[in-house]
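Okay, so chain A shows up in both of these, paired with chain B first and chain C after.
The block that comes next holds the complex of A and B.
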């Protein structure tokens, strides 16, 4: 069973990657990338890394690819032909999927475990990672500093991206 | 529980000051509305002052905070350099052109954010915290480098720095993951154990992992300190960035890079008796890199015409001199362990002298650019007579950078040379001495342009362009006085440095 899942996810990643590299339409390429990244997330699950898998879906499949699609749509000349509304639905769907995976990852792992042999840690990791982030003797400080980092970088990004007052007028 | 949390937080007072400063500046910017830049800047300076005050009150007894940060004399030394440099850069950013008025209020939080990252970077011995600190410093620097978005050069600098920096971070992270795989730990002392075990007991495969991991980690640190062959970003970024940012990159960022490099080398490679052959070869590689870095920097600087670009190459050369100290630390043999301390002391002392002179030199470049719009050697002709104070200060800083008496740079160079000779790296000392001669040539070119060339008519036309604010004058004169004063009375600095090395 695990072998089957490995083959399934690995070929998803591989085929998605190939399709992304060779498809002539850049928007289709972006969707092939979604498949490839999803395949990688599946590989993480088969290895028992539930948190990593969920993060992969949430950040890469969701955030990065949507960002990529927006970049494509806003920068290509024939962008007018691509309706943003058609893809905008993707963001909440992927978000919900990611949230679902994070919460149920715990339940998924034993199923994956039962299906095949023991690879990697046998218990779910999400809860442990969460505890480590809130433990003052473990990784609380980096966690908090990352909050500062996100704040400062957000301010910087807005400052760089916004138009000057004379441009806007 | 809450008591321990309180003690953890007490140990991080300077960092809390900095974080608070960021938040206060961001909120003030919204509250004050138009023309908030000055208010925000003043509050930024007050916050940096507070951080400095909290830092100076920290006891020299080592404390650990949150299990990741070690507050010791070493980290206090480096954080003092970083925070005070940030204060001076903040002041220069407030009074000089380069940062436009409309975005000046947002510039403060970026600058202090970079300082916060740098402070954590030099204080930690855990790779996760190290990475977070380095990313905070780097991301803020990328944004600041591209701050003048309407200037093509600045936008290019920001983009270049981002692309190269992201790649260097990625390679470093890959090295970290190999070290984690080898040791199962993110804590440097445990990594040290695993590395020395892998080297003394392991097979060729494990040796390979140690070599690859060390190389990759060195890419990340080498990028921050702009050592050869990871220096290629430096000239373009230094030239394109607004000058206050350039001096931040050249001083605070480089100091932080050396802080973390020395701690990493010292903890991971030197605490244990790693087989001598490995360390010897590693040290030799660093010595060769040091020689190439300083030669490349100095020789290329000779041809430069733009002052900022010239100072950028000179800063690469200084990274080479500083790497000499690292080479001394890593080539020290088992029966000559004292050399490790000597090497470290010489780096730290040189950093102090480099810090004062480089901040000053970039400050003078800012002053001349502000007043006369002068950027190249031709523009500089005769400017020394038009603003003699700044001109004289510039000469003093250049004297220190070359390493001539009576400036502090001489003592720094002398200590480095002495350390290099003490481990038998004579050839490196010879190369460094030849380099100092080359450096003298191009620094003298600036001095000659300032005072020995040009005619006064040319100056009359330029003088109307702007003014050099009084505070800037004051800061530069104080730095110049420090350069000479510590060049004559270096005992205080020496004491501070040897305390930091303990």
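The block that comes next holds the complex of A and C.
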């Protein structure tokens, strides 16, 4: 079962990566990147890293690729010519697929936990990772530095992207 | 003298037992098929790295370069998690992967802001045509 999951997610990641690297249309490439990143999240799950896989889906699949698509649409002259109607047709299919994945995923979690590869069963990691981040003897300092970095990035990105009037000077 | 020899023999058998345990797990990992096999993860991660590198080297649109960088970061993350899992390093690999994900998000935000500025200034995001930092 775990082997099947590995093959499924690994081929998803590799096919997504292939399409991303070699598809001529950049919008299709961005969607292929979504598939590749989701495949990597699945590989995290087969390694027993449940929290990391969920973070990957939320941040990468949800956040970074949306940012990328915005950049694609803002910075392409003959704007990729996306047919909204075609994507609207795809929406229910994607929704059904997502519901299927969620239900099978719920059924699969205990199986993955019990099997856990060659190295025995795994445990939920969310609480332990949270404790590590809030532990002064573990990762608290890097965690706080990362928070400051994110603030700097926020301000920096706004300053960079804004078209200032003082540009000409 | 005899006691010393006895100690040495004990130590030797202990070492032998230790190496036996180590090689047993190594054999287990090597003999199992995909999901229990470190090499399967390393191969996938290496392939993702090469695909990301191909995207960076062959495309002239800077957004493709960004996507390639994201793919390469993911392949490195996969290595972190796989090595931590198969080397019994606990959660350190996963924590490192989380830091990398957050840094990748920061990098994507800044890089896309720069791409938008370049598009406004040059009228194109072709990396072979952006050859100056000022007007």
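A few remarks follow.
Here is the rule we use: the second predicted complex is superposed on the first by the 125 of 169 C-alpha atoms of A that agree within 3 Å, B and C clash if a C-alpha of one lies under 4 Å from a C-alpha of the other, contacts with A are read in each partner's own complex, and residues count from 1 in each chain.
Assume a contact is a pair of C-beta atoms (placed from the backbone, for glycine too) under 8 Å apart; a residue touches a chain by one contact, two chains touch by 3 or more.
Keep in mind that this is a model prediction, so the values were computed, not measured.
Once chain A of one complex is fitted onto chain A of the other, the partner contacts of A:160 extend to both chain B and chain C. After overlaying the two complexes on the shared chain, residue contacts for A:26 are found with chain C alone; chain B is out of touch.
Once the two complexes are laid over each other on the shared chain, residue contacts for A:34 go to neither chain B nor chain C.
In the superposition on chain A, contact of A:146 is made with both chain B and chain C. Residue contacts after overlaying the shared chain place A:5 against chain C, while chain B stays out of touching range.
By the touch criterion stated above, A:136 is placed in contact with chain B alone, chain C being left untouched. Between chain B and chain C, the partner in contact with more residues of chain A is C. In the superposition on chain A, A:73 contacts neither chain B nor chain C. Contact with neither chain B nor chain C is seen for A:61 once the two complexes are overlaid on the shared chain. Across the superposed pair, chain B and chain C both touch chain A at residues 139, 142, 146, 149, 153, 156-157, 160. The residues of chain B lying in touch with chain A in their complex are 4-5, 8, 12, 19, 22, 26, 65-69, 102-103, 106, 109-110, 113, 116-117, 120, 128-129, 132-133, 135-136, 139-140, 143-144, 146-147, 149-150, 158.
Against chain A, in their complex, chain C makes its touches with residues 28-29, 32-37, 40-41, 44, 47-48, 51-52, 54-55, 58, 61, 63-64, 66-68, 70-71, 74, 77-78, 81-82, 85-86, 88, 91, 94-95, 97-99, 101-106, 108-110, 112-117, 119-120, 123-125. Only residues 2-3, 5-7, 10, 13-14, 17-18, 20-22, 26, 29-30, 33, 36-37, 40, 43-44, 46-49, 51-52, 55-56, 59-60, 63-64, 67-68, 70-72, 74-75, 77, 115, 117-119, 125, 128-129, 132-133, 139, 142, 146, 149-150, 153-154, 156-158, 160-161, 163 of chain A touch chain C when the two sit together in their complex. Contact residues on chain A toward chain B in their complex (touch as defined above): 136-142, 145-146, 148-149, 151-153, 155-157, 159-160, 164-165.
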